[in-house]
Structure formats: C-alpha cells, structure tokens
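Below you'll find the structures, each written out as structure tokens.
In the two complexes that follow, chain A is the common piece, with chain B as its partner first and chain C second.
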Partner chain A sequence: MSDTNENGMSHYLTFQLGNEVFAAHVKSILKILEMQKITEVPRSPAYMKGLINLRGNVLPVIDARLKFGMAATGYTEKTCILVLNIAIDQETIEVGAIVDAVMDVMEFPDNAIKPSPSLGSKYKSDFIEGVMKVDERFIMVLNMDSVFSTEEIIDLKEVI
Partner chain B sequence: MMSMDKLEEEFAKEMLELRKKFAVEAVERIAELETAALSLENKPDDSTQVENLFRGMHSLKGSGGMFDYNKISEFTHHLETIYDFVRKGKIRIDSELLSITLDAIDHLKVLIEMGDELPPEVLQSHKTKTQRIKDFSDLHIDLFSGNTPAPVNIIPDAGIPELPTTTYFISFKPNAQIFNNGNNPLFQIDDLHGMGDIFVIPHAESIPTLDKLETDLCYCWWEIIVASRENQGTLADVFIFVEDESQIVIQQISEENLLDIEEFVDYLQAFKAANELIDLKDLKQFIDKLPPARANENFADGNQNPMPQDLKSVPELQAEAKPTQPEQNIAKPEIANSALPESTISSIRVSSEKIDTLMNLVSEMVTVQARLNTYAGQTKDPDLLTISESVQKLSKQLRDNAFSISLIPISSISTRFHRLVRDLSLSLHKKVKFVIEGEDTEVDKNIIEHISDPLLHLIRNSLDHGIEKPEVRLQSGKPEEGTIRLTASYSGSNIKIELHDDGAGIDKMVVVEKAIRNKLVKAEEVLSEEQIFNLIFTPGFTTAMQVSDVSGRGVGMDVVNKKISEIRGEVSVKSQIGEGTTITIMLPLTLAIIDGLQVLIGRTSYVIPTGAVHKIYSVAHSVIEKSFDNLLVLNGKQTPFFYLRRQFNHHEEPPAREEVIVVKYENKEVGLIIDKVMGEFQTVLKPLGRHYQKQEFISGATILGDGSVALVLDTNKIISGFAKENQKTEKVK
Partner chain C sequence: MKWNNLKIKYKLALGFGAIIVILIIIGGISIVEFTKIERDSGSISEQYLPGVIISNKLERNTFRISSLLNSFALGKKQADLKEAKKYLLELENYLDNLALAKNQLEENLAKTIITSKSTLKEYRALMDEMAGESIQLESNRAVMDEAAESFVDNCFDYLKGQESLLAYQIDSRKAKREVLERITLANNILDIGNFIRINNFKNQSDNNFSNQEEFNNRFAEIDQLLILLEKTDSDPDNRFYLTNIRVSTAAYHQAMDDYINSYKRLQHGNKQAHETGSRLVSIYSTLAENSVAESAGFVAYSISKIKDSLNILIIGLILSIIFSALLGWQIARSISRPLKKGVAFAREIAEGNLEATLEIDRNDEMGELVETLNAMKAKLHNTISSIQAAVQHIADASAQMSQTSQSISQGSTEQASSAEEISAAMEEMSASISQNTANAQRTESIAAQATGKMKSGNANVMDLTAAIKEIAEKITIIGDIAYQTNILSLNASVEAARAGEYGRGFAVVADEVKKLAERSQVAATEIDKVSGSGVNLAEESRQLFITIVPQIEDTLKLVQEITASSLEQSSGAGQVNDSIQQFNQVIQQNAAAAQEMATNAEELATQAEYLTEMTNFFKTGNRTQTGHKKESYFAKKKSKELYSGKNSLQIKSTQKPGVDLRMGSDRLDNDFEKY
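Right, the complex of A and B next:
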C-alpha cells in the first residue's frame, strides 16, 4: 500500500493540543475513540495513562499533552483517543493517544509539507516530518512512529 | 478453451501446491524415520521399527520422484534397498548402519529444503553420502547373496529361517492417461523388484508408429511373475497410487518360489522371447506338471475361477472391462481393502495458525461471556439468567476443549534430544544413557516452542560438563555409562521439567571464584547454596574450564534463564559434587488463560494468579499501621508483608479492614495487602506491550466482565523487586 495516492496527495488528520494544531498522516491512525475509563498502571510515567479495552484487547494509552510537556488539564467531551498504528523496530504496535480535540481530515499535496523552519537539533527534528501552511497558520506534521515510541518527554519548545 | 500457456500455468501452480504439501509431509516422515532409527539403537531387533524405516523410505522415494525431488528419490532408493535386506533378516542392524542411516536422514532434511538444485558444496556431500550408502549396500548385499549385488535373484541365506515364498501372477495394465497424474508405472515394477524375485514380461505391442505416437500416453503394460514372502495385500499396496488408473490383477499361482525352478523360468523366457501373452490355463497346467515337491498346490483358492483367460490384446481386454470379468471384480475390492489403513483416521493435521485463531476467538468469547454474566446479574431477568448460565457452561467447555487442542506432548520434541545425546556422546567419547520420563505430559504448543532450545542447551551442558569420561567414572566408582534423565510431570497449575545427570556436579567453590573474578559478587559476600547456584544464570558467567566446541562460551545459562522467564517459567539448579546436577524448570500450563483472584485496591482491579495464593486473612487497618518492621502475626506466625496500596501509589482513603493474601515465595510465606477480594475467575491473559515493559511486576492484563481492564500481578516479581527497593531505602535512611 502506498502512503500517497496517484496525484501525489495525502490525507492528514489535524488535532488540537492546548493552543497548538498538529497533523498526522492518516496511515498511522486506525480509529478515533471517545474518552473512556482508563485502568492506571502503577509505577509508570505520568504520560502513560494506562490501559483500555479495545474490542477484547488491551491498548496502552498515552496522554499526548503530557508527552509534549504541556500541563495536564481535565478531560472534556471533546477529548478523544486516537488509536495509532506505529512502527517500532520492525514491528507495528497499537497505541492510544489522548488529544484535546480532533479537528479535520485534509488532503494535501506531498510537496506542501516544508521542512521545519526551526534550527532545532537533528535528533529532535525526528519527531516532526515538516510544517504545512493552512489559512496563514503553520501546522506541524508529526512523525507518529517516533513520537509515540520514545520514552522521553518531548519538549515542544525545543522541537519548534 | 484454455490456451496451452494457461493450461501449463495452471498445471505449474497445482504442481507447486502439491510440492509444498509433499515437503510438509516429507519433513514429518523424515522425523518419523529419525525416531525409528533412534529406537533401533536400543532395540536393533524391533521389526516394527525396521518396517517403519523401510516403509518411510519407500514412500519418500515414490512421492519424491512424483514431485520432482529426484535427488531424494534416488537417495532413498539405496537406503530402501538396505532396509529391505534388513527386514528380510539378511542384514543385521549395527551401529555403523545406524550412523549411516541417521546421517542420511539429516541429509534428507537438507534435500527437502533445497530440492534438486543443490549448491556445489552440498552436491559434493550428496555424492559422498550416496556413495557411502551404495558402498555399504554393495558390501553387505554381496556378502549375503554370495552373488552379484543385483537386487534380483537373491538366493536366500540358508542360515536364516524363511517365511514361505509364494509366487504370484500380476497383470498390470495402466490406463493410457496414467502419466497425467505424474505417475510412472515403472516405479511400481521397481517396487515389486524390492519384494522378491521377479520376472517381467513387458508388452509394448500397442505402441504406434512414430507419426501416430502421442507422447503423453502410456501404451505399455506388463505381465509379472513375483516370488515373494509378502502376502497378496502387500503386493496390492504397491499399486495404491495407480489403482484407479489401471487394471490390476493379482493372482497367487503357487505357494512355492517357482522362479527357483529352472524349467519354469525357461517357460517364461519362451513367452517373453515370442512376445506372447501368458495364458493362465496353460500356465496352471505347466505348473501342475512340475515336480510335485516343488509345486504341490497351485492356484490356491482361485482354482475354480482361474485368471483372465482372455488376456489377448490391449483393446480386447479393455473392451471386456469389468462386468464380463469376474476376477476383476474380485481383485479390485481386495486391493482397495488392503490399501485402506486398518484404523479410522484418529487425528487430523491443522495448521498452528488456525489453532492460534481459535484460541483468540475463545478468549474473546470468554470475555464477552463474562460481560453477559455481569449484565444478566444486574437485570435479574430470570430468562436472561438462564441463558447466561447455559452460555457460561458452553463457553467453559469450549474453552477447555480449545485449550486441550493446543496441547502437545513433550514426546513431540524428544527425538531432537535423543539425537543430540547420541551424536554428542559419540563425538565426546562418553557413554551416556538418555531416559525420558513422562513423555506424554502435555504442554501448550507455544511453550513447547519456547523450551526446546533451552532444553537442548541444558542437555548439551550435562553431556559436555556433567557426565565424565568412562575411565574417570570407573575410577570414582560410578558405572561406566552415565545417565541423563529428563522427567516431565504436572505440579499443581505448573509443569515441572527436571533434567538430572549423574555426572561430576557443580563445584560451588569454582562458581564463587569465577563470580568474584567476573565481578559478579564481592569476595566478602556470604552466599547461600541457592544464591551460589543462581549465579550460573547471571549474564557472562560460565564454569567451563575451556571454551569447547559444544558449550561453555559464556552464553549459556543466562540465555536459558531469560528464555524460560519469557514464558513465565522459572529455572533452578541443585547439585552435589561427585553425584550430579538437577536442573528444574517450572512452567505455566498455558500462556493464554489463568485462574485468578480478582482483588481491589482503591478503585482499580488487580488479578493475582490463584496458583500462587496460599491463604487469605482479614486484618484491621489499624493493625497494619501499628505493625513493626513490616511483620504481621498471622495465625501465630510472623509474616513479612507488602502494603500494595502504598507500593502502587494509590492515594485514596484505605478501608477499615483490609485483606492479606499470603503467597509462597521461595519456601517462605509473604503477605500482600489489598483492600478486598472480589472473587475467583478464569482470566485471559493479554500482554501489555512494550510501553509497559518496565512494569515487570505486572505479567499482563485481562478484561473483566464489565469490560474494564484489570492488571495481572506477578507475585514473585513483586516480592523480589519490592524487597530490593525496601532494602535500598532502608540503607538510605
């Protein structure tokens, strides 16, 4: 399966964390769930929120706000869990990511994604694939594979 | 109509499928051969195993040729010849023959994998191996026949008791289209060759002139006289693959070996030379005239109804077909009967993928059923409750059944162990007896897959470092032959596998010295025996004095330990110097489903495997508060405990009374304090995935009846892990 259709266009899902808007390629998003009860796992990092039941299997859930070093806020009715399919070391696993709100699915030509303007270190820029301009606003396209496979907390200020 | 190309393509596709199937079956057949060969080592006179070997090779040869594994076909042919002589009592099984056989079996595995196109180095060894077998068969067969080593006309050795040889007449008339299914009728004739003396009269009269010849049709047929000690059924078995596509008549013509009689052979020669058909009436008369001592009873019970009288020409015979020829009708079912295996099909082969899927589905159903149960309980609708109960019963049965399907006996991997011991003891010049007890102990197939490599490694270790050389053993007053004993048994909700050797044992001092040298422990540390032996499992440890070819490269026991831990198993070692070593492996019965005690801490549900639970006490919170040095007095015994509410950072207000689950840990009793026991139930264990790899004290998660997730605790890891932590914090204090 190709990530891009024949016109060189790809679909991206945009979502909100705090005041920032992010985009992720739809290839890594399996489904979007409403917020639900999460079983906490003791002695785990704060951003690892716990486990939910996804059709008879257990899905680890990560709070994306905490993962990006943002302050925790209460969950609202807009809060969603994105079920992601991410690749780590040759295997693909499913993981949930809590985001403040899901906004839209948009189609962009691949060449609309420009390298991040930041001068951030090479290592950090692993987390973003690039930046797109939508309605005079920059949206960061995240590399979900690396964002949700690392154990560290990503400091957004450093990345941007 | 399909184009020629398409047809060819279809055919190629089908062939590929068949080849794959053949390869799978062949691998199993080769494994059976290996088992048979190994068991012959202990009981060289076991005729059933000889028979198994012969038959296995025979069928590999046949089907190998059919599916373009010509190398296999050719290779097994020579082996088959040898074993044919063995089963006739003309060659005795000895260690040389068994070595050749086992070596050949290994080579067969290679051939199955590579097919006919071998890389040069393999081809070279293929040639060497083929030659070795040929040499063996030439040497021995020559010896016994006292004649040229041709497989035909072997005069039975006088010294060996003979079964009566019977002479049969066979008419084998393949249908013209027989080649379409990949059959080659010459194989059948070749097989008959293997069964005794044979005289073949080929009939090629129907072959048309070249311009009319269709290359994919069979124009030939054969009349065959076989003198064999096999019964008619076995002869009929030869035609098992072609019986639907040929007309076969098998008739006993004498209870003697007529081919031993010169006049008879001359008589046949005359027919062959003149290219005439054998008239069975004439043949019968001729046999009657033979000296009575030789041929006293002809045409056994087929007397009244002698053979196809009118075997005159191909078209005629075909025209006469079945209804007019009663013999055909008699002969046919006879063949069919003997071709059928005596027992009905007692097992079928299913891909392990299907079983995994089944287990997953059953697991999901168990989960859904728990939900139904909870819901029915809430509604209090009597009808729904009844339905829910029935579903519960059924799903329990289904679960047990599905679970038992995925169990396979230890014996399924034991051949590898036998083989290893055999080969290794030879190359190390040690005498070792390998005994397996409890071979029929059944284990989840996923566990079997995980333990076979660690077990092989352990056995290798025992042989290499445990069992001493014969002379050393004799000096220390032990029997020359060492024993390695593998015992498998059930132990509660676990499987216990013990590997015992009566070898040199492990020297604790050497272990400690080595550990100190490798900086695994400090010189001043005082260690218990158990701790010392546990050092063996530390990464980078090995007691081997030198790096040998076999084991002792320092990557031994720690890998074994890791592998076993991965499937929630445990390894321990006991050893007495001079007396031997016992390695005990405890394994869970299954990886998928466990019995568990559902407990609550705060609002979170946890599951503690029932197998670990010893006793449960109820204790007031105030007592726990006031406890001294983390000890509680339970039933008059001082019991160390862990307050899980604190360890797990639950900050809710604790209840007035809490419960202590007492679990066994290394022969000690340890209490785990939780809020409340909710009940016991069967849980489907789900892995947590790599995001929670570091939470070692949790072995997985399970889904409860209400759909929420509960964590399954690993009590051993909780106790060992938290104990270490507490020690550290105390030292800090």
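Right, the complex of A and C next:
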C-alpha cells in the first residue's frame, strides 16, 4: 500500500455483503450513492446490472454479491452504490458497485492486515489483500484494482 | 277354458262367429259348385252343340244329295245330277273348312270328318259312274229306237211287197191263200214288235224292267214266225226282206238288252249311291247322337252337381239353424238361470235376510255380478252389524253421558269459586306490574344517555388514532433524513481520508456529523416504536367502543321492550279478570247444558231402541238385545235427572258472588264487557 500516511496508518471504508464485512481502501472509493433507478443493458453478464447517470457521465454498475459469487437478494433501504476508481495498466475507470450497506470509514495501521491463505476457495484470493480482526470480527480487506480482470474491464468499457 | 267361465260377450261372439264361418263355408262350396256348373254349361255350348249343329247340316245336305240322285236315277234329268254335284261340292268344302279348324274340334267330330271325307270320295265316284251310265243309257235308247224303226220299216217293206202281191193276185184272180197267211204272219210279227215297243216305253216310264223274260219270249216268237215265213216264201226279194227283218229284230233285241242292262247298272249305281248316302247320314246322325248324348251327360252331371250344391246348402242351413238355436238356447239359459238366482237372492235381501247366500261358480259377467252382489251383501251385513253394535254403544254411552253431565254440574260449582280466587290474585299482580313499568321507564332514560356518551367517546378515540398515525409517518421522514445524513458524513469521511493530512480536521467534523445522524436515527426508531404501540392501543380502545355501543343500544331496546311488556301485562291482567267473569258465565251455561244433555241422553236412548228395532229387521246372526238393558238404563236415568236438577240450583246460588266481583273490576274489564 503506497497511500499510507506517515504514521503507517490507512483509511478503509467498511461495507456489508450478506453477513460478511469487507473493507476497501479509500483511494479507490470516489463516492457513496443511495440506491437509485438503474438502466438495464441487454446481453450483458448477470453481475452487470446496468448504467446510471453520475453528474452527466455514464457509470456502469455491477452487483458485488453476484461478482463475488454470492446469492442475489432484493434491495433494501440500506443498499448503496459505491463509486469505485479502478486503476489497471496505467488506466483508470469508474465503476459502481452495489453493496448491502455501507458501515464506516476506519483507520488501521498497515501491519494490522494479516494475510489469510486459509480462506480457501470461497473467494478469489488474488483480490483479497488480507484479513483484519476488529472487535472479535473479521473484516476482509479487498484490493479493488484486482477485483476485475482485464477482460471484464474491457467489457465494462464496451458497455460505456 | 270352460264354457261357463267364458264371458257372455265372448260366448255371443263365438256363437255368431261359428254361424258366420258355417255360412261362409256353405257359400264358398256353393260358389265353387255353381262356377263349375257354369263352366260345364259353357263347354256344352262350345263343344257339343257345334257337333250337333254341324252333324245336322251335314246330314241335311247328304239327304238332299241322296234325293237328288234318286230323282236323277228315275228322271235322268242332268240338272238333278248337276245340283247334286253342287251340294256335294258344298259339303266337301264345308268339311275342308271344318278340317282346317281341326285344332278346335272335338276328337269325335274330327274323326267323323275324316271318315265322312273318304265316304264322300266314294260318293263322288259313284255319281261320276252314274253320269257315265246315264249317257250310255241315252245312246242305247237311241240305238234301240233306231233298231225298232228299221224293224218296223223292214216289216212294212215286206208287208208292202206281200200286199202288192196279194193285190196283184186278187186283181189277177189268182189270189193265193198262202199270201194272206204270210200277211197275217207278218202282221203278227209287227204286232209283237209293237207290243214289245209299247211295253218297253211303258217299262221305261214305269222304271220297271222286271218283264225282261217276257220280251225274250216275244223275240223268240218273232223268230219262230220268221222261220214259218221263210218256209212259206221262197221269193228271193221277200227272202231279203225277211232277212232284214231278222237282222233288225236281232239288233232291236240286242239294243233292248243293252238298254235294260245299262238301266240296271244305273239303278245299281243309284242304289250304291243311296247306300253310301245312308252311310254318311248314319255317320252324321251318330255324331249328332253322340254330341246330344254327351251334352245330355253334361247336363245330367250339371244337374247332379246343382243337386249336390243344393243338398249342401240345405244341410248347411239346417245345421246352422240347429246350431244357432242350440247356441241361442244355451246363451239365454246361461243368462237367465243366474239372473233368476240373483233375483231370488235380491228378494231375500229385500226381506232383510242378510244371511242369504248366492253360489254360482262362473267367471263371466254373471260371475262378476254374483261376486259384486255377494260383496254388497257382505258390506251390508257388516254395516248392519256395525250399526247394531253402535246402537248398543249409543245406549251404553247415553247412560254414561247422564252420569257425566252430573259430574260436570258438580265441577261447575268448584270452577266458580276458583274463578273468584283467581280474580283477587289478578288484582295484586296488576299493582306489581305497574311498579315494574315505572322502573323500566327510568332505566330506559339512563341507558339512552349512556349510549350518547359512548358514541362521542368513540369519535375521540378515532381522532387520537389518526393523530398518532400521523406522528409515526412524520418520524419516518426524520429516519430517512438521518440515513441520508449518515451517507453524506461517510462521503465526507471518504473525501477527508483521501485528502490525507489536510482532511484530518474535516474528518473529525464528518465523524461528529455521523454520530449525530446515528443518534437521530436511534431516536426516530424509538419514537416510531412507541407511536406504533400507541396506535395499537388506540385501535383496541376503538374496537372496544365499537362493541360496547351496540350492546348499550341493545340494553336500551330491551329496557324499552320491558316497559312496553309491562304496559301490555297491565292491560292483559285486566283482560284476564274480564275473562274470568266470562268464564263464570260459561260455567253457568255448562251447568244448564249438562241438564239438557241429560234430557238428550234419554232421547238418545229412546232413539237407540228404535234403531235397534229397525236393524233387527235384518237377520245378521247376532241379534241385538236391548230390552233388559233399556230398563236398567231408565232406572238409572231417572235418579240422575233428579241429581242434575239439584246441581243446577246449586250453581245458580253460587253465581251471585261471581257477578259482584265483576262489578268491582277496573276499566279494562268494562271495555271487555262491551263485546
């Protein structure tokens, strides 16, 4: 992590998917939006929910639950869209990700993140940086730049 | 099925049917027979009569031909022969025509035609022969006439010579006797010749040549005389004359023989023809006889047939008459006998003997009638028996009735006193009912007030519920605002974190904002929860009001009903009082009625006795005995009558207090009395 401050601390945004709590570094978070109407795009992957208008720009939106292989559920009043800024191959792209709820912005020391090979095959391990233990709960820290493969990014760009 | 069991209509139908069948059979046979006779008569006219007619015609023609031939044979007129031939031809043609229609001819007739045709041929041949013979005869006669002439001439020539010789001798007075003798001889010869000729003509005209022998003798005489002359005369000239005379005499004799023979042949031919004709006639007459005989046979056959038919008709008619008479008698008997029995039975019943019986074992209409009559009798028997029993019962009952009417009188007295007690009780009841009515009316006004208050309370609770619901809605908006504020603070935190060291102060503010938002959220949630339970409570209260209001309204209604009922009870009590007075009156009437009933019971007993006498007219086997009963009954009745009379007096004495009670009764009673 390059964006650590001088105290060796980093800010993470925590959010919920099902019963699990995930954390993402604030550098890849641009904005948090309330759930709104999504325009569907035909012949797109299942996790690709469609497009929304973000201050005059077109923003593709994906369902994080589907992307991470979790079962789909209906949206609640707590459902939010995270506007992500993903850097890949010297390119940045903005993507909306639907999460069940946004919880907090927290500051952790970098060394609090423990690598966790024992997570098994439930999640794609290359976009999980590690796991943190907070108040007897485990929070999975995600590397948002690795969540999408190159092909998926190309797909997303084509959608735009 | 037995004859007796047949229904009369079937009997009649069977009888008449049988007669009709017999008549049809007789009629059919007669028709068949008469048709046969008609056909046979036809065959007589078609077959046998033609035979007779034809044979008659043939016979007639044959007779005609035969007679013509006869006349021809006698008169030698060719015209007769010609006519005979004409008839023969006609006959032959007729037969040919018949033969052409051979197929239609009767066998006998056809055979006759064939034989008669061959006979006719013979006939024709004979006629031809006769014709030839007649021509021969004519020529023979001519020859004979010529020979006779030459004989006479020769005789005269000789005589002339002798006479001239004699004259000469006389003149010369040398008359010789022998010349005179010769003249005499010659004259004799001439005389014999003339005699023969005259007789010959005579025979011709008589058609009798039986004296031919005489002629031969005469010619022999001529010959002897010539011989004498020849002896006496030697003169050559005379001898020449004599020779001539001899020759002509011989010729004459010869010609005469020929003529006679020819004549005989003709007669023979005629005879044969006559025989042939007779044969034909016999053939035809046989045919005619046969035809007539066969016709007669057919006529006899027809007559016998007619006789047979007539016999069948007569026998059939006699049979049907006998059958009809028997049937009629049988049917009449079958109707009249049971009718007689039925009449006797009905007469017995009319005389009242219901034990009479009618026994006829039949299944026809009579059987039904008998059955019905018996049923009627049984019914009558039952009815009379029942009446008799009933009369008994009536007699018993009238006695009981007397007794009962007495007890009714007694009961009436008790009833009157009871009615008085009831009247007093009713007065008390009336007072308590009035109290009830007043209480009920008060309860009613209280219940009405309570209902009004409950209704306004209910409206208030409803308003309260609406207000609490509105608060809950407003609180939701506050919750939403808190949530949005939370998201805004998170966005701010993210921005602050992204700004790094420069955003640290801003991060603190954002954190505070977040905390405020969370507190607002918690408060809103709690208010929401509290207002939710408030709404529930208000709702429950409202439900309670909703259930209570109708209950109170029901109560009000019930109280109103109680009030109305109390009023009705009050008037009812009055009516009951009135009714009791009426009741009392009725009791008096009952007592009077009981007395009347006792009188009626006596009348009833008298009537029952009369009825018993009436029904005893019918003999039913269970005769009613009312005599001794009647006496005991009347004995009872008399005592009863006295008893009931006393009772009625008793009732009258008890009536007075009942009337007084009525006088003291209230307004309602007076109203009731008007009715």
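Here is the rule we use: the second predicted complex is superposed on the first by the 138 of 160 C-alpha atoms of A that agree within 3 Å, B and C clash if a C-alpha of one lies under 4 Å from a C-alpha of the other, contacts with A are read in each partner's own complex, and residues count from 1 in each chain.
Criterion: a contact is a pair of C-beta atoms (placed from the backbone, for glycine too) under 8 Å apart; a residue touches a chain by one contact, two chains touch by 3 or more.
Predicted model, so just to flag it, every value in this text is computed and none were measured.
In the superposition on chain A, contact is made by A:I29 with chain C only, not with chain B.
In the superposition on chain A, contact of A:V58 is made with chain B only, not with chain C.
Touch criterion met: A:L13 reaches chain C, while chain B stays clear of it.
Of the two partner chains, neither chain B nor chain C is touched by A:A87.
Contacts of A:V102 after superposition: chain C is touched, whereas chain B is not reached.
Look at A:A46: by the touch rule set out above, it reaches neither chain B nor chain C. Judged by the touch definition given at the top, the superposed model places A:K37 against chain B, while chain C stays out of reach. Contacts of chain A with chain B, set against its contacts with chain C after fitting on chain A, share not one residue.
Of all residues in chain A, those touching chain C in their complex are 5-6, 11, 13, 26-27, 29, 31-32, 34, 77-78, 80, 102, 104-105, 107.
Note for the complex: chain A touches chain B at residues 37, 39-44, 48, 50-53, 56-58, 60, 62, 88, 93-95.
The touching residues of chain C, when paired with chain A in their complex, are 483-484, 487, 490-491, 493-494, 496-498, 500-501, 507, 510, 514.
If you check the complex, the residues on chain B that touch chain A are 363-364, 367-368, 604-605, 647-650, 686-692, 694-695, 697-698, 701, 703, 707-711.
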